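What follows are several structures.
In what comes next, subunit A is part of two complexes: it sits with subunit B in the first one and with subunit C in the second one.
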Partner chain A sequence: MYALMFGQFLRTRTCQIGLVLILILGVISILIGKQFLIDQEKITSDVVENHAGHLKRNLEFHSDDIGLLLYYLEFVLVNPSSPIAALSIGQRDINPSVQSVNIRTLEGQRHDTDLVNPVSLLHGNLDLSFIILFVFPLLIIAFTYNLRSEEVESGTWRLVGVMSKSKFKFLLMKLAVRIALVLIALVVLIVLAALTLNISWNAAFVAFFVTGFLYQLFWFGICFWVVSLRQNSAVNALALLVIWLTLVILLPSALNNHIANKYPVPEALTTIIKQRDGYHQKWDTSKRETMEKFYTKYPQFESFGFPPEEGFNWLWYYAIQHMGDEESLDDSQMMRAKIEQREFKSRNWAKVVPTMHTQVVFNDVAGTSLTNHMDFLRQIQDFHEQIRLFFYPKIFHDENAKQINWEQFEPSYVQQEEEIDWIGNLLPLTIGLFLFLLLAVINRKAM
Partner chain B sequence: MRIGIVLLIAKHFWTSVFKTRTIYLLMAIVGILLIYSVYSGTRYYDQNHFRSDHQEMARKSWEGNPDKHPHRMAHFGTFAFRTKHPLSQFDFGIESFTGNAVFLEAHKQNTVNFSEAGFSTGLLRFGELSMAMILQTILPLIIFFVGYSAIVSDREHGTLKLLLSQGASWKEILFGRSIGLAWIAILFSLPFLLITLWLLINDHHSSGDVWTRFFMISMTYLLFALILSLVTIFVSTGSKSSKNALVKLLGLWMLMTVLLPRSSQALGSYFYSTPTKLEFRSKIEAEVIQHGDSHNPNDPHYQALRDSVLAVHQVDDVTELPFNYGGFVMSVGEEISARIYNKHHNELLEQYRNQNKLNRWLAIVNPYLAVKNLSMALCGTDFESYVDFQLQAEIYRYELAQKMNELQIKHISPNRVSGSEGKTHVVSREEWKAFPDFEHQYLSIGRSLKNESISSISLMLWTFLAIGLIVRQSKIAKAI
Partner chain C sequence: MLEAIDLSKMYGNHEALIDLNLTVRTGEVYCLLGQNGAGKTTTINLFLGLINPSRGKALINGKEVNINSDTNQMIAYIPEVVQLYGNMDGIENLNFFSRLSGHTYSKKELVELLEKAGLKKEDHTKKLSSYSKGMRQKVGIAIALSKNAQAIFMDEPTSGLDPKATDEFTTICKELVAEDKCIFMATHDIFNAVNVGSRIGIMNEGKLVHTADTSSINANELQELYLKTI
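Moving on, here comes the complex of A and B:
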């Protein structure tokens, strides 16, 4: 019976076009993901390769003046992309994954963006997560909207009643055929992705896979429920498309508007003005006053005393640079709090909107979420302070740059191991799936 | 074709649609979406005051500087904050993906930072709900839904034969129904346009070409509604059953609005690669150094420059010149580095335009894209408007740097060869006030439209094509 059903369905145009289209789009998305990874690796390797030369060149020119040397020297911190990022690019296209910082004011440096085409950002990435989130449900709708109604409309429904014991069981079998085909297509694409991108089957990738799987089942649940309402094909198609539109476009975008409007981030603009003023205005104020503020923050350097009010001096110069960060600190922290609030709110909403939830899980396991970037920004801050505190005494003592072991300043890589919250990831979709299945089963008798 | 009959059929279609309950449900849904999108649009636009407040804050701090060496001011620099166009309330365009603030200082072209997307969770990637988005994405679905069965169900019920036997021609029926459907589509669009008009009237920033822009936006969306109505009737006439007509139209919608635009943009980016930031910067740096390193006192290029300047003024040392030589060298360096930066920046923009080209051309076959592109351009929220902001900021940056160099050349003693620290060798603070603040000007409508000729042509073509399709259909259509 199943073999017959498979054969019958495979011969339909909907099935053939649908499967071919999704496989082509899927392969394109994997290639685009691969290109993204290659680009990311190139950005990283360029910076890393360049860094050795940068160090060497500056050491050649300025090793007699360590203050000037550190004015120019940049240090690199990399937030490496997991290969899963190719499947769910998330926020990685806009947030840089490599940061070069010098020991001057941090706030003026760490928000520099990469070069990106805003129009491409507007249209969005065609990565596998898009195919899974947006296109697979459309395929599922196309496969199932007339599961029952096609029999009714072609006059075979009565025949089914005669031929099989239970019409409901018959529909379940038809559904199983479609589920099998869709899931096979998904497995093919995911295996293909794993091979093309050399993704190892670690917990993160398994989570990606299982979530994608469950998400498709959730859509089958919705479709089966709509089918169980016994409307004609046109009504089913329309109802399902409206559900798709609501879950995939309207609801998330309305929530996005809500969150973006509720938590605007003007503090970002205040931060950059204040960091500039905090530093620059110190050129015109008392050096002693600046140093006092600096020593309150870093009492360990107090022994370096106060430089003369007239003339230039590196101790004072790096102190005023640091004042840029000190005086913009409040706004910078408020900005971070606002952004974290945004993330918190959208994650909360995601728990009840399956599309958003699936995207959150994908971006989390791929390390491409906003949270991941916020962590990176925090690590840049620590990295910056660590380097400053290493070099401050050397600059203040005017040490010879040649005596420093420069090899320890090769580009560093951030480690962001995230625990996978299996229950939190899978529960919302499972609940949704069972809810719709239950609704469908309630309608069983009437079918 | 008798106009009277056409209008009669149109009116009849209109009344029959309003006899159903669904149309009121659709109106209610669109009404809710409209209210929410207006609310969001105005709230986003209100954020302009953050930008102008900060522009003021930055200016105050600039003017508050005491007398000092102009080169200190060149590095003190200032900021350019991008302000939203009043029409951005209607169409957000690429606004959320473009930077909003750029630091302007001498020798260095900084990136435009703090885009909304940078602060956003993955949510933004599902899209944004704007008035334009509803008209572009949701309205087609509504037109399809209201009109998919317009002809085919009459055929299914046998009433079409009746209508034809009563003396109406195929042409009259098809155009009549199309016009009736278009009226309904326009009824749905009008509130959006009227509210936008009302917002513009109440906005004191609306001036100049904003009314022309509004008029063209209205035309664009009305044409779009007409094209969609004609296409719906065409598909309805050509389909075997109502279900087939609906499925075809829904498939068309998916292809036009969801799959094609994203795929073609992705392919565009795939085929035209852009440099990484480091590549971009180092190329510029390498080229600037070829023209001489102004920071290296022994650089042959700048040595030659110094020798020629000394020779012209018949002196032996830069301190004997009648002007400050340091300022002069910096102004030469600034000119060279800005020219090279602009060249590379333009190349980068050209590459972005190449990436966008596929979607631009696809507007010919996809009227959704034509409307989307045109609408963004008309609302000042498209790529070119953003590029224009960057250009304005760069011009201002260059003028600021050169003004400070000029002040140094004129007012700083030739004896002060290097360094800018301290209270001697300074310029009066009045000069800071005398230099005007940055003011973002919106791109003129002429320049906005110049970039969208393909989309405009596409809409015209589609109008004719859709009419042509109906005419052709009227000759081959069957009543049974």
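Moving on, here comes the complex of A and C:
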């Protein structure tokens, strides 16, 4: 029976065009992901060579003055993209994966980034997660909106009613055929992605796959519920498109707007202003006052004493640089707290908006989420502090730069192990799926 | 085999069928005549379990029919226009619907069923979208045969068929009756009703107003009675 149903459905134009289209779009999305990975790999591989050149040049020019050398020298922290990031690029193309910082004030540096491709920022990335989130539901709608109504409208429903033992079971079988074809298309794309992008079948990739799988089933649940309401094809199609528009575009946009308005982040600007003011005003502040604040934070350097009020001194200079960060610390922490609050609220809302939830899960497992970037920013801060503390005594002692082993300052790489929260990832979609299936089963008698 | 007891159906305030009482035995062809809207199709729909009665009951082999009953396992149905899947051929459609009713046939058996229904062998593998109404009707008959049902309901089965196809259809009906099937047919075709039917009922405005045995009435008399009734 299933073979006949497959054969019958595969011969329809809807099925043929739908499958070809989704496979073409899927392949394009994988190639876009591949290009993203190539770009990322080039950036992270170039950085090694560029950094070595940067070190060499500055050592040539400034090795006689370690304070001046450290003024210019930058140190690199890399947040490498895993191959799975190509499936869900998320914020990886707007936030830097490579951050170079010197030991001066941090705040002005850690949000520095270049827009690689502003055009893609406008329309987003056509990655596989986009295809799964936006396009697959449309395919599912096209495959199922007339599951029952096509039989009624073409006149076969009465014959089906007389011939089949259960019309509901007949519709379930038709649904199963469509589910199988959509999931086969998804599996083909996932396998193709794994081969093209060299993704290993680790927990993150399995989580991506299972979430995508469940997301498709969730949409089949919605479609089957709408079908169970026994409306005609036009009404079904319209209802499903309205649901698609609401779940995929309107709700996420409205929630994003609501959260952005509810938690404004003016600190994004004030942090930079305070950091700059905090630093610049110290030029006109007595050196003693600046140094006292510096030693409060770093008592281990108190033995270097207080430089004379007149003239330039690297000890004092790096103390005023440090003051910039100190003065903007409250705003910086506030900004971070608000961004995290936005993220927290978004994730809470996402639990009841399956499209948002799926996007969140995809970005989480791909390591391309805002959370991942916030962790990277935190690690930049730790990295910056570590570098500072290493060089401060050397600068304050005016050590010979040539005696330092500069090879140890190759680019550093952060390791961000994403813990997979299987229940948290899959439960919202599972509840949504069963809710709509239950609603459909309630209408079973009338079908 | 088939029994209607005070069978009634209302659509809102409109009484489509009013207190229908009739019995059809095995080996009988019961033809229901009447104008459009007389209640013929409503009667068939009630026996098919596609709608529930407002009052009374329809029984098949003593079992009450309703939307949730499994009485449709005992019946087959041939509509006025047999609508099947246009992108499948005759054999595939027959295979599809026979499997749907829980019957699995070999290809040879499917061919035999189509031949028994009068469909030429060269047409078996043509797509349904290229079939004439008569050819579709034959596939519909083959589907009904495949179910091996005891009762077959037909709704205007000869409407739009050419005389040859009507004659072939009549022959098949007689063969089915000879196999102890019972046929319940709604029709406008008085001459065919007399030709194929065992008993005839005339309906008007939801009521069964006359019944006649075809052994005691000819086509002209039936036509006169029918015209008087409506």
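Just so it is clear, the second predicted complex is superposed on the first by the 443 of 447 C-alpha atoms of A that agree within 3 Å, B and C clash if a C-alpha of one lies under 4 Å from a C-alpha of the other, contacts with A are read in each partner's own complex, and residues count from 1 in each chain.
By our rule, contacts are C-beta pairs under 8 Å (C-beta built on N, C-alpha and C of every residue); 3 or more make two chains touch, one makes a residue touch a chain.
These numbers come from a predicted model, not from an experiment.
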On the A-aligned overlay, A:Phe130 touches which partner chain: subunit B = first, subunit C = second, or both, or neither?
first
Figure out whether A:Ile32 sits in contact with subunit B (first) or subunit C (second), or with both, or with neither.
first
Considering only the touch criterion stated at the top, classify A:Ser346 as touching first (subunit B), second (subunit C), both, or neither.
first
Which of the two partners, first being subunit B and second being subunit C, lies in contact with A:Ile259: first, second, both, or neither?
first
Broader residue contact with subunit A after superposition on the shared chain, subunit B or subunit C:
B
In their shared complex, at which residues does subunit C touch subunit A?
48-50, 67-68, 70, 72-73, 75-77, 79, 81-85, 87-88, 92, 95-102, 140, 143, 147, 153
How about subunit A: which of its residues touch subunit C in the complex?
1, 4-5, 7-8, 11-12, 154-156, 158-165, 170, 445
Seen from subunit A, its contact residues with subunit B in the complex are 25, 28, 31-32, 35, 39, 42-43, 46-47, 50, 90-91, 94-96, 108, 111-115, 117-126, 130, 134-135, 138, 146, 153, 232-234, 237-238, 241, 245, 248-250, 252-261, 264-266, 268-270, 272-273, 276-277, 280-281, 283-284, 310-312, 338-339, 342-343, 346-347, 355-356, 359-360, 363, 369-370
Over in the complex, which subunit B residues touch subunit A? Could you list them?
33, 36-37, 40, 43-44, 47, 50-51, 53-54, 57-58, 61, 65-66, 68, 72, 75-77, 79, 81, 93-94, 96-101, 103, 110-129, 133, 137-138, 141, 145, 148-149, 242-243, 246-247, 250, 254, 258-259, 261-263, 265-270, 273-280, 282, 348, 352, 355-356, 359, 383, 386, 419, 421-422
